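Here it is, the structure, as structure tokens.
Letters A, B, C and D name the chains as they come in the text, with residue numbers starting at 1 for each one.
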């Protein structure tokens, strides 16, 4: 049986990544691609790397007949997404890749995203899309909220450690480095090649990045008490990939054991041998997350480093993984593509 | 039915690329991986991006029992390959990715590669592996000689034009730009990141690059008379991708029509609309070749630009395409992976 | 004696490059920096790499008192420049970096730049700024028109050959590769890091790039007859640097001798030994142009490859070289900075 | 008066960077360049970007007559340096760029560098070359030991804070990202372009990087008690530049004030406005260090980020700054080159 798929926001990088992945997915068929600003164009006009595919042309969202759609990926900008989703049929399965439905508390949403949520009833039913930790809920969900790509990376490194009570909850630092595609295909001076190539810098320093809202929500829930981490993202001169270097106070062997147990049966989260470290180049273009653990010369400290591809495991691959579950398919279907190296 | 596959030279980039592609190939199983210098290591030690795969450890070539192998990819360095292949079972299907069996004339081989060929009887039976033009021979072949990656790119742009008699055969210029992975995983000062990043330069200028031997052999055969082209390769600060800008004297519309006809039914060679140009970023990681044609303000001149991924369509993808034919499979099986962009 | 310098268009890359160079120039002092869209900001706000300098804040052009200015660099966008320059004091020395005053024939200007020129009397007095070939005129000029960066590169490779009558004037191909900073600090999707990194493509193929107007004008003047070349620019995944691979029909030894003679006493144009080739990485950040010559295996053909930094020798360094002459200084003053490698 | 300069180890990146800087230094003249493995070659053969300079050819070290040398830069590999320096004339002024003379305690040296020091009497007289903090000693020194590039970056961020007693000495984390040129021009697989481009990874995790020995020595001396930091270096896909993100426990405003006071009169260390962050692209090719400070949403925590060019301020620029002092010149002479951006 083939599932009919629509993608809203198909002219952005996460939209294109969904198309790339679904291109070789055996039981999904793309029946509608929407991008309001580029309606009328073919996908090959907007993304020439997809020209070999037989795809529907881009249309406006309100031109889509959702009656013939089994599942809709919504890859629209933050805030836009909620306005669109609340108007979609209430029976339509939806995986949203924006930030609009990640936060369960409307007040927290308002605080981090600067305004009241416009689709509170959808927000109430949304399931947080970190597959490995919400698998059963996702299988039963109608609306899944994809996680932030940075938020996913940090959580893979930390959730088991918090759950197992292994680390000092008041002293967690996530120093994260990300490729530029996470910022999307937006016309900003600081995303120009000439501005970024051969350079690196931190941004949103000191606790202002919105993915902190996800960390706060999730880590506090796992811990059963408020947890606040320090989080510093940096922009790398690379297109894809996130690497998070996480500093914790706890026993490194116990940390390694906790993570190894947590991910022993996970198809996409791979523990490296103790003392080895991941690289973004080894997960590029794939749905895998590599995690390494090292102790420090200072006893009682451990460094956990997690790497994933922000466009794949950090957003569109995760979305497809969730969609597989929602549609009753094998979770890994169409997602076992090996990383592209070099 | 599953075909048992061996890869010799698995510790190089083309070997790793074969493993990447076969990882999601539905009817091939890797049963042996050889790399003499790294025998005893796991593939994850040598290529951490492949750590999610259940692969045999690296062994020495003479440790392999070829009785259980249906097809062998030979991704060894030039000259090494012939010595190995002549000792392999004479019934074993082989796709060789080196330069050792590309040239039909032993004297030409000796002239370009600096020594007598050591496996002349194998050379005599080898079929040149440019799939789109040797498909029937490849289907019946025991030993297929993969083409040079630059040689493939230039031929996609030019073979139909020569066959159709549309261009001046004495005035063809191929100005080619290639990513660095084409040079392999070899320890050379000029392949260091600090030497290459942010720079570009020509090499093998003036008719000294060995892929010219393939151009000479193939273009002369197509034309039925000697054809010598000018060919200048340049090294780009990028890992993957070749783009060949080909200057010909001929009518641009006729050139476009000839190429369009030649590739109308080809699954992997894509003609862009007239006047549009390809980019290496739009074929990265895939088996596709994109070709664009433009006229010039000077009447009677045309520019043909072809782009492909040197590791995929230029070597390992081509090899797998040929292996599919040799094993009686669909030519495209396992090869429809979409390009990875951005 | 210190010369008082103003820079109009200081918020662009060529403006910033002028400031970088003048920072260590011993006899120039920047007294005014204009950038209408960023007036009121400090230069450190707009270009943090210049924060160590004691510079005037950015102002609007009409806030500058030109009475205290000895020479004005105009680094404004094409078309904007002419409107500004015609209103400046008629005694002010000006080096314009735009395309507005490069073409001597107003009809040719209109044809390539899509409209009538708005400052014809200035156009009439402007001297073409290719220093090595217009040195005496530049010394006496009030208004110098900086060349196109691509146009400069191609001319260094070709002017002596045309002047010496060594090559077939009807069969010249310039295949040029340029870094992205040549496109300026403009918000265009195709200049984003995620669009360009790890890729390469041709643009303005077939005789449509505006720098062809300069090639036509200059080469025809040198030859004493109309000369039209083929010119294909490509965009490289690098910030700085142009490399032009020029295919000519002529004797390679004679070509080498001609260029060697022409540049024997030039401080900034360096001939490599015969058969060696330049790289953009070896001129980065400097005012040098490296030129290599090779013969081809086909007799009677030569390949000339020239490399320079588009922001330095291709625009701002050239502008400063010209300003030195106009102000009676040594031509090389402040310009002998060595290239930055790696 | 012109100082006669010799450079030992001129075929490496730091050697080349010294030549680049001295090229425009007004009172230094290079009289000897040594590189044992490349003796007999010209500098243009080894570093084509320096071909415009009139330089002595490369010789073996023992071919140099040090009687005519005022100051010698020693840019040899670690361990090699001590064997060479102990044989040089005892009156020769020397700036060593290796790690051989950085550590005052021979036992600590042996522990981190794996063997007994071979020139203990030189080690005893060597002055640590972090100019801003050892200025007077350097002025009087005969032998100055250049600092590690990472060690310099971390110390600029932390020394004033430790001296002023503002931070918790038991909880300092330096998460550092560096370009690849810091690893030198060495033939290692992990330094190939194809291995590094588009990727990022940590190395020497957990307290094993040798620059920790410098941190320990210096921070403990400043604090008057043992101080051990956590330090995780990462390799960036960029040629130049180090950025260190330093996490401390202390009041952010006090931290900012302390650093601002410490560097108020320093020509090369630039404090950004509070809350702004540096980028490696803004110091590239220069001798400047940019430092930014931010508070965190968690009270009592501060983030200090320092950026410098590893080849300039981190090694060869620092060496020249020290040489200026040792020769009685202005400390900034020849070093005010502005950063190269983009």
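Points worth noting:
In this text, contacts are C-beta pairs under 8 Å (C-beta built on N, C-alpha and C of every residue); 3 or more make two chains touch, one makes a residue touch a chain.
Going by UniProt, the chains are A, B, C, D = N-acetyl-gamma-glutamyl-phosphate reductase.
Computed from a prediction, not measured in an experiment: that's the story for all the values here.
For the interfaces C-D and A-C, the C-beta contact count is higher for C-D.
For chain C, the chain with the farthest CA centroid is A.
The distance from the centre of chain A to the centre of chain D, with each centre set as the mean of the Cα atoms, comes to 39 Å. Spacing of chain A relative to chain C, judged by their CA centroids, is 45 angstrom. Once the centre of each chain is set as its mean CA position, chain C and chain D turn out to be 35 Å apart. Under the contact definition stated at the top, the residues of chain B that touch 2 or more other chains are 13, 181, 194-198, 237-240, 278-279, 281-282, 284, 342. Within the complex, the chain D residues that touch chain C are 13, 16, 19-20, 23-24, 47-53, 181, 197-198, 239-240, 267-268, 270, 272, 278-279, 281-286, 288, 290, 311, 336-342. Interface residues of chain D facing chain A in the complex, by the touch rule stated above, are 171, 173, 175, 177, 179, 194-203, 205-208, 212, 228, 230, 232, 234, 236-241, 243, 245, 247, 252, 275, 277-282, 284, 292, 294-298, 301, 303, 305, 307, 342.
On chain C, the positions that touch chain A within their shared complex are 13, 180-181, 185, 187-189, 191-198, 237-239.
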